[in-house]
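First, the structure itself, so that you have it in front of you.
Naming follows writing order (A, B, C, D and E), and every chain is counted from residue 1.
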Amino acid sequence: MASPTNTRLRRVLIRVPAALLAASLALLLGWSVVTLPEPATGLTGLVDAEMENSGVDHPVTAVLLNFRGYDTFLEVGVLLLALVAVWSLYLAPADRDPETAQTPVLGLLVRMLVPGILVVTVYLLWAGTSRSGGAFQAGAALAAAGELLLLAGFVRGRFRRERLVRFALAGGFGIFLALGAGFMLLGNDLLEYPPEFAYGLILFIEGALTVSIGFTLAALFFGSPLEAPEVEK
Amino acid sequence: MTLSFWMPVLVILTSLVPSLVIFFMTDAQLRARRALYLGAEIVKLILVLFMLVGIYYGAFYETRVALLPGVEFLLRANALGMFFLTLTAGLWLLTTIYSIGYLESSPNRSRFFGFFGLCVTATAGIALSGNLLTFFLFYEMLSLVTYPLVIHSQTGKALRVGRTYLFYTLGGGTVMLAGVVWLYGLAGSVEFTEGGSLAGVEGARIPLTIAFVLLMVGLGVKSALVPLHGWLPQAMVAPAPVSALLHAVAVVKAGAFGIVRVVYEVYGIELSQALGVLGPLGALAGVTIIYGSVKALSQDDLKLRLAYSTVSQLSYITLGVAIVGSASTVGGVVHLVHQGIMKITLFFCAGVLAETIGVKKISEMNGVARRLPWTMIAFAVGAVGMIGLPPTAGFISKWYLGFGAAQGGAYWAVAVLAASAVLNAAYFLPIIYVSWFRKPDAPFEEKLPKGRFETNGMMLAPLLITAALALLAGLLATLDVSPLQWTELIVGREFSYNLDEILP
Amino acid sequence: MNFGDFFSAILWTSPAAVPLLLIIMLALKPSRPLAEALAPLAAAPAFLVAVFAGVGTVIEVPLLLGTRFGLTETTQVFLLFSAGLWLLAGLYARFYMGDGGPSVRFFGFFLATMCGNLGLILTRDVVGFYLFFILMSFASYGLVVHGGSRQAFRAGRVYLILVVAGEAFLLPGMILVSVVAGSYQLEEVPAAVAESPLRGLIFFLIFAGFGTKVSVLPLHFSLPLIYPAAPPPGAAVLSGPVIKAGLLGWLLFLPTGEAGPLFWGTLIAVAGLAAAFYGVFIGLTQENPKAVLAYSSISQMGWMTVGLGVGLLAPEAWPLALAAITVYAAHHALAKSSLFLGLGVTERSNSPRTRRLALAGLLVGALAIAGAPLTSGAVAKYSLKETIATAPGSWPGVLDALLQVGAVGTTLLMARFLFAVLPRTEPGKLFAGLWLPWAAQLGLITFGILALPGNPLQTAGVTLSFSTIWPVTLGVLLAAAFWILGPRMGLEATPRVPPGDILVPLTWLMGLSGRLREAGIPSPAARLADRPTNPRYAHYSEKLRVVYPTWLESSLRYWVVASLVFLALVLTLTFVNLSV
Amino acid sequence: MTGSAIVVPIMLPLLAATLTFFFRRGAITMSLLTAAGTIAAVVVLSLEVMDQGPLSYTIGGWDAPLGIELYADGLAAVMLLMSAFVGTAITVYAAGYFSGKPAVARHFWPLWMFAWSSLNVIFLSADIFNLYVGLELMGISAVALLTLEGERDALTAGMRYLLVSLLGSLAYLLGVALLYGTFGVLAVQEIGEQMFPSPATWTALALVTAGMALKTALFPLHFWLPPAHSSAPSPVSALLSALVVKGSFYLLLRLWFDVFPEAVTPAAGQLLGILGAAAIVWGSILALVQRRLKLLVAYSTVAQIGYLFILFALLTPEAWSGGVYHALSHAFAKAAMFMAAGTLMHALGNDDLDTLDGSSERFPLSVYAFGLAGITLMGLPFSGGFTAKWLLLSAALETGQWWYVTVVLFGGLLAAGYLLRALAHLLTPTPTVKVQHEPARGTEATALILACVALLLGLVSAPILELLQVGAPLGSMIP
Amino acid sequence: MTSVTLYALSGMVVVAVCVYGLVSYPHLIRKILAINVMGSGIFLVFLSFSRRVPGENPDPVPHAMVLTGIVVAVCATAFALALARRVHEVTRSSYLPEEQDPPEEAG
C-alpha cells in the first residue's frame, strides 16, 4: 500500500490535525500563562541578600557561578559529553584543501580579525564579574576565532600533540571539578568557595572555562576528531 | 535458635544442597555423584523419621522468617505435613536407586539428578509449609523445576509436551496466586491452623467463595481434576523414573495435598460447608474418577493407561475431602500414601518393561510374565490395589471412603466408587490376563545384558519393595505403624473431628 | 496373648493359613516337591476345626481391619461338608493331574480358592468375609481356564465379567451393611439391616452381589460354560463349596428371621421356582453331560432359593427353614461333586467291567440328586417340604405340588445326563486314588443320612414315604419311554440350545458398537474429533496474531502519529484534571 | 551538614569521565575503581539513610530556595544501590566486550561514566531545573552510547531516540518554566508545600508527565525503544533497558509524589494506570511474534515498564513499594537477559531465533542466565519479580480495582509465553552450532551473577523494603 | 495584560509552531531546527517570567537558567547535526527510515 507519506493527500492528512493540535497546545499554554498568580514571586530578594558574600557583584554571574554553581558545573560536563559524543561518530573530516580556500581577501581579513576577537574575549571575561558577560560569552567569541581559522585553512584539523589538545578541551571541566571537590577536603560543602577568595576563584574558573568552551565549540563545529586516528575505525 | 527452628530447614537443605552440587558435576563422575546422592537421601530419611517420632510424641518444629513486612516464610512440621513428607522421602530414595539403574547409559545425567533433587526439595517444602504463601512458593517452584525433567529427552515432541505442561501449571499457578493474595488481603497472614484459620472471618462470603474457587483451580491443575488434567497423559513422554516419582507421587500429590490443606486447615470444614463449596467439588471429583477410568479403557500405550488411571485415582482424595465425614476424610488422606505406593510400583514396572524388553504397548505384552515373572507379580499386586480389592492398601482407602460417604448419606459417592472399581478391573485385569495367560507371539528383544535377575537389580529391588509395602499397608492396617493409624492421628488431632465416630 | 490364646489363634487361622503357606512353598523351587505332596491334605486342619472346635468361640486377629474367626451352627455344617469335599477333591486331583508344570499351576489356584472358601466360612466379620469371598472368586478363575483351550478362556472371560459385576454390587453392599450395623460383627448384621431405612437397597445389592455366585436366574449363564471347561476336580469344587459360598453370603447378610415386608420373600421364592424349572427345561436340550449337570445345579440352587424365600415369608419359622436349606446345601454339594468326580472316573475307565461299575456309581449319584428314597436327596426334599408347610397363606399347597413336579423334572434331567455320558471315553490311567474318594462320597450320600442327628431309623422311615417314591418312579418310566421310543419318534431333533443360552444375544449386543464402526458409521465422538481445521481459519489466526500487530506497531513509528499521540496525551492529562 | 558520602556517586564517575577522556590507556582500571568507590559510597549512604532518615545536602553552602540541594531518602537510596550494582556489572561486562575494539572502547568509557553520573545526579537532585540538566546529560550520553559502533540501524534508531529524548526534555523544561512562573522557587520540597491546583500547574503536570512518559517509553509512546535497545551493542542495550529507562521513571515518581501531590487527581492516575496495563498486553503480544532475540527482549522491556505505571492508579503504600521493587528487580533481570542475549548474538553471528537453536550446549552459562532472568520477569516465586507482583496484587485487591489484578496476572503468563518460546529455541538440540567468535572472558559469568541477584532479591526483600519506607511519600507500608 | 505576559505568550506561540514544524516536516535537519527553536521559545518564556517580578532589576535566576539552557541546547543541536550527517553518510538519505520521502517533496 503506498504509504500516505509521499502523496499530496498525505500532506493534508498530516498538516490539518497537526495544526489543530498545535493550536490547542498554544491556547492551553497561553491560558496557563495568563492565569499566572499576579504578585509573581521570585528569588531576587534572596539573591540580593546573599550578594555581598558571593564574591562578584553582577547577580547573574553570582547565581551562575556561586549560588547555582552545580548547574553550571553539570552544564560544562554536558559540553564535554557532547564533544566526546560527536567524536565517537568518527565523522569524515571536511575535505577542504588550504590552497584554494585562502583567497587573498580572506587571508588578510582573518589576520586582522582574529587578534581583535581575542581582545574582545578578554574584555567579556573581565566584564562578567560586574556587568553581563562571563565565561560563556567569552568562550563563544573565542570559538568564532577558531572557526575562522579552520574555515580559512590556517589550521588543519589534525594536531600532533594530542595530550595538549585534550587538556585544552577537558581542562575547564577538570579544574572546575578539582576546585569544587578540593575545597570539600577543607570541610565545607561541594563547590563552596570561602567568601574571601570567592572573587579570585570565580575569575580563575571563568578563565579556564572560557578557553575550554572556545576550543570545544570550535571542535564541535569541525566535527571529526582533532587528533590523528591511531587506528582505523 | 533451638533444634525446632533448624530441623525443617535442615530437611530442605539435605535435598537442595546436593542437587545444586550435582549440577556442576560432569557425567563422568558417576561414583561420586551416586554416593553423594544416596548419602543425602539416607540422611534426609533419618531426619524425617526422627521428626516423625518427635511429632508423634508432641514435639514442635517451626521456622519463621519475615519475607515481606506482614508476610512470613513459615516452615512448620505437623502430622499431615509429616505424612506427605515421609511418603516423598521414602519413595525418593527408591526412585533414585531405580533411576540409577534406569539411566545407566543416557546422556546429561547430572542435569537430570540435579533437577530431580530440586523437585524433591520443592515437595519437601510443600509438606513442611506452615502458611498459604510458603505453600504457594514451593508449589510454583515445583512446576518450574519439573519442566526440565519432562523435556529431559529434548526431542521435538518432548518440547511440545513441555510447553503444554508449563501452560497448564503456570496458568494454574497464576490463578492460585490471585486467590492467595485475596485471602491474605481478607484475613491477614493465612496460617494452617487446626479447624481452619479463616473460620474467624465473618461476612465477606462471596469473596471467600471466589477465592476458594481460584485456589481450587490452581490446585486442580496439579491434582488433575477433569477440565485441567490435559497435561498429565502427555507428560508421560518423560523417562520412567520421572513419570514414576513426579506424576504418580510428587507433583500430583502436591495438588491433592494442597486441596486437603486448604479445605481443612485454611477454610476449616464448617466454613467450607457453610459456603456450600464442597458439593460441587465432590461432584467434580466424581466426574474425574469416572472420566479417567473411561479414558484409560481405550489406551493401548501402557504408560498412558497408567496416567489416566492416576487422573481417576487422584480424585479419590478430593472426593474424600469433599464428603463431610471423618471416615471419608481418613479414606481420602490415607489414599494419598496408598495410591502413591501402588502407582509408583506400576510405573516402575512400566519402566522395566520398556527398558528390558522394549515393550511399551499393551498389545505387545503377550506372555510377558514368562520373561519377567517377578515384575509382573508386582504389577499384579499394584493393579489389584488399584481396583481396590482386599487385602491391598487400595481396598482400605476405598473402604473408608465408601464408609464415610454412606455415613454422611452421600450414596452417589458409594455408587461412583463401585463403578470405578468395575472400570479399573476392566482396564487392569486384561493386562494381567494378557501377560500371564497368553503365550508370547514372538521372542522378546533383549535390551539389557543377561544379569542374575530378570532385569537390572537396581530396578527390580525398588519395584518389589513398593509392591510389598502396598500389600503390608493393607494387611497390617490396624498396626500403629501403618499409614491408616497415622491418618486417624491426623484427623483426630488436626481436623477437629472427634474420633469416636469412626468405627473401631 | 498368653499361650492359650496363641494356640487357639493358630488353630482358628490354620484352615486359611495352611493353603497360603503351601502356595508359597509351591512357588519356591526347593520346597516344591514337599508342597506337592502335602497339597491334597491342605483341607485337613479345616476339617479338624469343623469337627472338634466348639461353636461360637471368636478370636480377634490383627489382619486387614481386624478380622475375627469363629463358628455358628450353620457355618459349622458348611465348614464340615466343604472341608470334606476339599479333602476328597484334593486327593482326586493329586492323581488325576499327575505331576509336572500344569499340575503345580492347578494346585496353586486350587489352594488359593480353598483358602478363600474356608476363610469366608470361618470369618465372623464383614470385611474378612468380603476379603475371602473376593480371593475365592478370582482364584477360581485359574481352575476354569486350566484346560487352556479357546472355550476355557472364553468361559473364563465370561466368569470374570460376572465376578467383577458381583464385586461392583458387593462393595457398596458391604459398606452399607457395616454402616447400618455400626460395627463389623456379622451377628448384628441381619437385625440392623432389617430395621434400617436402606433395607430395600441393601437387599438388592446383597441379593445381586451373591446372586452372581449362586447363579440366580438372570445371572446364571456362566455355569454352563465353566463346568464343562474345568477339569473334573475343579468342576467338583466349583459346583460344591464355591457355589454354596454364595448361598452362605445370603444367609449371613439378608435380614432373615426378622419381620419384614413380604415383597422380598415372594420375589426370592418366585426367582427360585423360575430357576428350578428353567434349569430343567434347558438342561434337557444339552449335549455335553457337564452342561446338563450345570443346568441341574441351577435348578437345585433354585430350590434352595425357594427355601430362603419361604424363610423370609415366615420369619417366626426361620430356624426350621435355615436347617432345611443347610441340609439341602450339604446334600447337593456332596451329590453334585460326586457326579463330576464319577464322570472323571467313567471317562477314564475303558475296560467294560470297570465301566459298568462306574456307571452304576453315577446312577446312585443321579438317584440321590433326584431325591430317591434312602438317599440324602430324599432327606433334603423332606426337610424342604416341612419348611414349605410353614409358608403363610396359599403358598404351601402350590409349592408342594410344584416340588413334586420338580422332582419328576430332575429325575428326567438325570436320565438325560446318563444317556449323554454313555458314548464318552477319555484316555488316561485309572488310579485307585481316583475312584476311592468318589466311592467315599457315594457312601456318604446314601448311608450318610444315618449319621444325621436324631435317630437314624426314624429318618430312614420318612424317606420311604409314598410322596418321595412316585415322582422318581414316574420320572424313570418317562425316561425309559423316551429312550426306547425316542429314535423312532424323531425326538432326537429336540432343539439344541447353545450352552449359556441368553449369553448369545448378550454378546451380539455388546459387539454391536464395534461392528457399527467397521461398517463405516463412526460414532459421534469420532466424527467430532477429526474435523479438519479448515485452512481459511488458520490463515485468519495467522493474520490476527502476527500481521495486524506488526502493522499497527510500525504505524506508531511514523513521527506524525507519535507526536500527535504525545500532544493528545498532554491535552487529555490537563482536561482530565480540569473535569474532576 | 552530613558526611560527604552523598556527593561521591556523582563526583567520582565525572572524575573518571575526564580521566578516561584524557588518558588513552588505563580506562578499564579507572572505571573499575570508580565502580568500587560508588558501591562503597552508596552502601554507606543507605546505612545513614536507614538510621537517620532522609538526608539533605546543600551544594555550595546555600540553602534550599537559593542554592541546589541533594536529597537522599529511601527511594533514592534504593535507586542508587540499583545503579551502583548494575553499573558495576555493566562495567565488567563492557571491559570484556570491548577488549577487541580499541577505537570504540576509546569513547565508550567517558560516555558510560557520564551516563552513570547523570543517573546518580537525577536520583539525588532535589531541584527541578537541576533535574533537567541531569536529564539532558543522560539523554545525550545514552544516544551517543547507542550509536557507538556506527551500524546502520543503530544510527537511525539513535537519531530517532535523540529527537524523542530532546522533545521530552523540552516538554519537561516548559513544565519547569510554568512552575517557576507560578511559585518562583525551584526546590522540590518548597513547591510541594505551596502547590495549589491552577491551570498553570495542571499544564505543567501534563507536560512533565507526557515528557517523562515519552522518555520512559510508556505504551503509545514506546515506538523508539525496540529498535534502539535491540540494535545497540549488548552492554549498552543492558544499561539502556535496565538503568536509563528507570531514570526518567524515577523523575516522574519524584514529581507525582513530592511536587504535584495536591494537583494530581485520581483520574490522571487512572489514565497512567490504564496506559501501563495496555503496555503490558501490547508489549507481550509483540514480543510473542518477534523473530530476533534482542527485539523480543526489547519488547519485553516495553511490557515490564507497564507494570511500573500501574502504581499511579493504585496510590497505596504497597503499590508504591511494589512498583519501585519491580523497577529494582527488573533492572537486574533485564540487564542479565540483554547481556546473555548479547553474548549469544556476538558468538553466533546474528540473533535470529533459528540460528540460536541448540546454543545451550555451547553456552550453558548464558542460557542459564537467560532462564533465571526469565524467572524474575515472569514473577515466579522466590524471585524479586514475585515480591513486586505480590505487593501490586495485594494493593489492587485492597483498592478493589480487580482489572489490574487480571492484567498483572495475565502479564506474568504472557511473559512466560514469549520467554519460553525463546528458551525452547535455545534448548532444542542441533547437531552443529557454528560459533563465530568465543565470548569474552568475564561476560557470561557477569550475566549469571546478575540473574542470581535478581532471584536473591526475592529472598532478601524485607530489608530493602524497610529501607524503601524511609520518607515514602504515601506513608510507610510497615505498620 | 502587561507587556511581559505578551512576551510569554509569544514564547508559547513559538513553542506551538515548532511542535507543528517538528510534526509535519520529515526532513531531519528541519526537525533538529524545530527542536532548537522550540528551546529558544522556552527560554523566551523563562525570561518573561523574570521580568514579572516587582522591583527594578529582573530576577537573575531565570537568566542563569537560560544561560545554562542555551549551552545545553547548543550541545544537543551540535550532536544532533553530527548524527544527522553520520546518518546521511551511512544511509544516503536524510530521512528516518519510516518516513522515506521522495526528494521532490523535500522543499
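We adopt the following convention: a contact is a pair of C-beta atoms (placed from the backbone, for glycine too) under 8 Å apart; a residue touches a chain by one contact, two chains touch by 3 or more.
It should be emphasised that the depicted structure is a prediction, and the values quoted were computed from it without experimental measurement.
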| item | value |
| --- | --- |
| Partner chains that chain A and chain C have in common | D, E |
| Shortest walk length in steps over touching chains, chain B through to chain E | 2 |
| Geometric centre: closest chain by C-alpha means | B |
| Greatest separation from chain A - chain, by CA centre | C |
| Chain centre separation in whole Å, for chain D relative to chain A (CA means) | 29 |
| Computed distance of Cα centres, chain D from chain C, in Å | 79 |
| Inter-centroid spacing, chain B versus chain A (mean Cα positions, whole Å) | 73 |
| Length of the line joining the C-alpha centres of chain C and chain E, rounded to whole Å | 102 |
| Sites on chain E at which at least two other chains make contact | 8, 15, 19, 22-24, 26, 31, 45, 49, 52-53, 59, 61, 65, 68, 72, 75-76, 79, 83, 86, 96, 99 |
| Per-residue overlap in chain A, given as positions that touch at least 2 other chains | 5, 14, 18, 21-22, 25, 28-29, 33, 36, 40-43, 47, 68, 71, 75, 78, 81-82, 85, 89 |
| Sites on chain C at which at least two other chains make contact | 557-558, 560, 563-564, 567, 570-571, 574 |
| Chains touching one another, given as label pairs in label order | A-C, A-D, A-E, B-C, B-D, C-D, C-E, D-E |
| Residue numbers on chain D that touch chain B, as the complex places them | 375, 378, 380-382, 386-387, 389-391, 393-394, 397-398, 405-406, 409-410, 412-413, 416, 420, 424, 427-429, 459, 461-462, 465-466, 477-479 |
| In the complex, chain E residues that touch chain D | 8, 15, 22, 28, 31-32, 35, 38-39, 42, 45-46, 49, 52-53, 59, 61-62, 65, 68-69, 72, 75-76, 79-80, 83-84, 86-87, 90-91, 96-97 |
| Contacting residues of chain C [partner chain E, same complex] | 554, 557-560, 563-564, 567 |
| Of all residues in chain A, those that touch chain E in their complex | 5-6, 11, 14-15, 18-19, 21-23, 25-26, 29-30, 33-34, 36, 39-44, 47, 59-60, 62-64, 68, 71-72, 75-76, 78-79, 81-82, 85-86, 89, 91-92, 136, 217, 220-221, 223 |
| Touching residues on chain B, where the partner in the complex is chain D | 66-71, 136-141, 144, 151, 154, 156, 159, 162-163, 166, 170-171, 173-175, 177-178, 181-182, 184-185 |
